[in-house]
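Same chain, two partners: chain A is paired with chain B first, then with chain C.
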Partner chain A sequence: MLIYTVKRFFEMIIVFFLFLIISYLLFNAIPGNAFSSLLLNPLLPPETYQRTIELFGLDKPLFERVQLYIINFFKGDFGYSYIYYPRSPIEVIAERLPRTLMLFSIVNVIAFYSGFLVGKVLAWRRGSKSETWITIGSVFSYTVFYPWFALMMLWFFGYKMNWFPLGKFLVPEKWYDSPYSSDEIFYTLILFTTIGSFLLFLVFIFTRNIESLENRRNARIVGLLFLLVLASIYWSNGEASLKRFYAADIAFHMILPTFTVTLVAFAGTALLTRTTMMEVLKDDYILTARAKGLSQKRIRDRHAARTALLPVVTSFIFTIITIIDGSVLTESIFSWPGMGQLILEAVTREDIPLAMASFSFIGILALIAHFIADVSYAFLDPRIRVKADS
Partner chain B sequence: MENENFDRDIKATIKKNWRLFKQSRLGMTGLGIVVFFGFLSILQPLLFLTGIWDEGIYHPVVGYDAEKVGRTIVECPTQYPTKEYQQEGDCPRVDEVNIRYLKAFNIEGEVGEIYESNVQPAPPSSRHILGTDSLGRDIFSQIMEGSQVAFVLGLISAIIGVGISTLLGTAAAFYGGVLDTYLMRQSDLVLMLPTLPFLFIISAFAELQIWHLAVVLGTIGGLGGSVITVKSQALQVKVKPFVDSARITGGSKRRIMFSHILPNVAPLALLFMVFSVTGAIASESVLSFLGLLNIDMSWGIMIYLAQAEGFIFTGLKYWWLILPAGLSVTLLAGGFYLVGRGLDDVFNPRLRRR
Partner chain C sequence: MSKALLEVKNLSMHYDTMEGNVDAVKNISFEVNSGESFGLVGESGCGKTSVAMTLLQLQPDNSVITQGSIKLDGKELIGLSENDLRKVRWDSISIVFQGAMNAWNPVIKIGEQIREAMREHYPENTKQENMNKIIELFRMVGLDESTTDRYPHELSGGMKQRAVIALALSCDPKIIIADEPTTALDVVIQDQILNEIKKVQDLLGLSLIYISHDIAVIAEMTDKIAVMYAGSIVEMGPTKDVFKNPIHSYTRALLDSTPSIRGEKKKLKSLDGEPPSLINKIEGCSFAPRCPNRDTECNPSEHMRLVEVNPDHFADICSQGK
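The block that comes next holds the complex of A and B.
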């Protein structure tokens, strides 16, 4: 097992190395460079362009540049961003990444939880009329042309109904005399959401061993109410009560993107859960459970759904990889200043250091996610765990 | 003699599978949608060939029709809301014209009369079933052209992708060792590349035609995650007794791979193919929506034009510019998805009702 892990680790490093080289060559293949626009400016003397290129080392041969970049990369030096000049790519990414992660983690958690619940019910009610309609709805939202759908949502809820703002991160007018920067407020929001969801998770973990399903539900509702009271106490006391106004502004801008992406994302999980659940329902132990005289709900939730959870968890982890990739469209439609827009900007304006840094960030994330997928599978499925132990 | 038996076997299998497929109502619905769009894509060239449609008028890209549309002349109120109009944007309606515009161009007319002129985008009429866009081109013809693009792209990329992933996945499972490691790491590498930014880069240094995009999408899809899935399926087939007996009776490695393992992976591959068509159609639409493809007309471009010209936020006033294209993408992708689900029921006995 250890040998396998070490071997796998070395393979991962080689793959990452190749990934860096290929990405650099790809960016280099785009015609022109980030400073070509200097040539078009009649006020600048012609040697300005040449000097700028020399300053950033773009006049060196390709091979030397790739070599330099990779050596510096492993030293931890990512260079300077061309667009945001004095800042390094890491600083820019550190500013943008939390926004994307916050939005899309909330979306994914809600989407996977609700998708799992819906898929469970779909498989259970097979053949009924409600199953057909929910399936048609899920297939629609699974295959809907996303940019079109997002624009329609924006039109309906943002423009026609005027319930939500038309994209953007905040309303600048509200922030003129703000004592806090928007990042500061946003970090408070992130901290609050993280702690809140962690506590919610704890409530779920502690109540999961309550035998009676009704008692369990009541205990969860009480826990949820308790958390809500805690949250309202937090936001109405001390420094948080001053931040409340600004935090609410950001949170208000998050509602529509979250809702839209959740609608699209939940359907995939629901359809996947339905398929795996149907396979599980054919197993012998479900028949045994029925023969024992257990209630339908208990068979569904305790016996079938837990086994059906495995592929869903894997797909959840693989979704993490596609968060940044998938955020490109959402962020440009809702003008949400996150990683997706950053990558788009870096690629179109050929900011090689910034684009390379974000690409390698995605690469590392993907490699880690693959690793987590292997581990969590063993953790959730006792059959694999037992094999690994023996 | 043996050959005849084989033929009859295949016919019987197809017949049986068709019967199973017919049982799934959603699968049949999906098939109906796919056949409908297939019909649309064939219909357009036929209409041009037979001369029912004049290319000068109905061509999806360069056609133009100066159709006279009669509109009622109204005088827009200065204050809103009134009885007829809720807000300022509502007046004039699609079938009305404001008298102030007529006066500005020195055109005679009284309130309540009908004023005839060329209007683009023109609302649906008997000549143009779905109206015209802002350049006077027939929307219905564009939808037909778009479905041709979607079919060509979806099918080519699905065939390339599934061909690559089936061959490589089976080979990885069958030969194992270095080849397996190499292929798995390669699919890791492909999965690491963020798709949309990658396509941006490709479109920056190459002018993407439809079939270029089909090859690129097919290759990315074929080398990526589906190799892993096909491999795990092939591994399950590899340990079955009939593979061992084929080896014992002296079947060569190539023969075992191609005539014993591959046919058993084929159903999964077919399933993949149907599902990846959905993805390819969506990718094409997204790319042309962002204006990165070098093609004349597609559903994505129709939505891109509607958005770029500012019709999206007019809501349902110009519905024929927004709804048909978006719904076509959704419906065709959904149709292929439903067909895939129907096939899933056929090939995976554990999903069947009994």
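The block that comes next holds the complex of A and C.
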């Protein structure tokens, strides 16, 4: 298991270097020498002019420029953003990245979990009326033209029903005299979500060894309630009680985008789970499980769904990447100021340092996602674990 | 005679398929007493496994039981709700499936898969009690106790089959159905597994229903035997009697096709033709088209019906003329 992980890690590093080189060459190929477009600005102070030439090695041949770029990357030096001039790309990304991560990690988790749950039940109820209709619905949301669908959702829930705000991630009026910046609130939210999920995970791990199924379920319910109580205590005490108002504002703005993207993203998982699980249900060990006198629910969840999970996880890896790409569309439609909008802005306005920095970050994120998925795949399937070790 | 533990009476079952009804089990009756081992032998596709599945009420969704009853300890199994059946399964009847390779879920540890069944039937047991029991069973079937922590793919075919036997014993069933438990194994392992089953059966005083196409194995394993052909039982009786004095032409053909170690050398005979497709309704004797003795005195238009020829030894009416 350890050897496998280390091997994967080194592979990842090689892929990352390739990624850096190729992305540099691509930007280099943009017509009109995008790297020097900043230099055309007559207002540029001479020392910045000099520094830009030095940083990108604009007076050197291509090979040395690539080298320089990689070295600069590891120094964390991307120069200056052209649009947000004196700020560096890193500063801009540090502000935008949490917003995207927050929105899309929540979407991903909900979409994956609900898709898996729905697919599981669909396969189990094969042939029933509800199965037919939900499958048709899933196929619709899987194949729908996304920008149109997102706009329709915005029009219906935002404009017609007036339940949710039309875009943006906060109401500026509420924040005029706010003691906190929106970033601070975001960090608090992210920290809260992460710790909450981790504690929930711990509850599940610790209740694993309870032998009686009923006691195990009850212990989990108690754990969940306990966590909910903890959460409410956290938000009603100390500094958090002041932040609560602002956090709620952001959370409220997140509902509609989350809901929309989830609706589109969950269908793929649901349909795939349905198909793989129907295959698994034909296997002999399902018959064994029935012969053992296990309950229907347990056969479905523990035996069928658990094995059907493997291909679903694989497809999930690819969904992670498309969701980062898709964030360009989503963030434009819901005017969510995250990475997607930033990339669009940087590319259309030829802000090369910012564009390259954000592409590298997305590359890193994608690689990390792949890495986690690979390792968790080995964790899920003991057969892969053995192959990986030998 | 004491009351039978398992009593199957006039059981008929067919599969409802697109092409029509497949009569897999036709009017079958037999009894298994406690501690007895009962053999069910016949060609592939003659309905042996369908009988086994019906005993556990695990038959596929498209099957229809048209008549008959299955009584276990006097309790009727047909028509029980899924929840009531769950209590009977494994607790009273357990099964060793054909092909142990696929009987294990590939992503769950062996020990956990056995404990899962025990948790269902003995919810009050602690983990330690369950583990002790599993280790004891593993010792009985000749497995190391570390096997509990292994995944199915880490075990050889023979080990998996031994573990399946341990699994079948985990909830102290009264009857074990062994459905061709040795088909996927080589001869040496086959013999070990058979000995293991026999040993365990004697040790725990279980009833055993042994299903196989291999009449030699059946001879070794069972006290009582039923020969199946095309969904019906054509001959049934104490194993010794049936082997010594086979009545039905099919039983004789089956015995003639098996080599014997003792006695004179003789050429093995094989039976011409194929077993009939069960999808067509068969009028009269289903064995008649292949019967080597069909032109003697029997009457092929007569329906199959078991008649007691010797004490406890039943055979199909077709052979009565002789």
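Basically, the second predicted complex is superposed on the first by the 288 of 390 C-alpha atoms of A that agree within 3 Å, B and C clash if a C-alpha of one lies under 4 Å from a C-alpha of the other, contacts with A are read in each partner's own complex, and residues count from 1 in each chain.
By our rule, contacts are C-beta pairs under 8 Å (C-beta built on N, C-alpha and C of every residue); 3 or more make two chains touch, one makes a residue touch a chain.
All figures in this text were calculated on a predicted structure; none of them were measured in a lab.
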Contacts of A:Lys160 with chain B and chain C, given as first, second, both or neither: first
Touching partner for A:Leu294 - first (chain B), second (chain C), both, neither: second
First, second, both or neither for A:Arg51, with chain B first and chain C second: neither
First (chain B), second (chain C), both or neither touched by A:Thr135: first
Per-residue touch tally on chain A - higher for chain B or for chain C: B
First (chain B), second (chain C), both or neither touched by A:Phe145: first
Partner chain in contact with A:Phe359 - chain B first, chain C second, else both or neither: first
First (chain B), second (chain C), both or neither touched by A:Leu18: first
Chain B versus chain C as contact partner of A:Arg302, first or second or both or neither: second
Chain B and chain C footprints on chain A, overlapping residues: none
Chain A - residues contacting chain C, complex: 209, 211-214, 283-285, 287-296, 298, 302-303, 306-307, 310, 380-383, 386
Residues of chain C defined as touching chain A within the complex: 56, 58, 82, 85-91, 94-95, 97, 99, 102-108, 115-117, 119-121, 123-127, 130, 151, 153-154, 167
Chain A-touching residues of chain B, taken from the complex the two chains share: 25-26, 181, 185, 188-189, 191-198, 200-201, 204-205, 225, 278, 282, 285-286, 289, 299-300, 303, 307, 312-313, 315, 322, 325-326, 329-330, 333-334, 337-338, 344, 348, 350-351, 353
Residues of chain A that touch chain B when the two form their complex: 11-12, 14-15, 18-19, 22-23, 26-27, 29-31, 126-127, 132, 135-136, 139-140, 142-149, 151-152, 155, 159-160, 275, 278-279, 282, 318, 321, 324-326, 328-329, 343-344, 347-348, 355, 359, 362-363, 366-367, 370
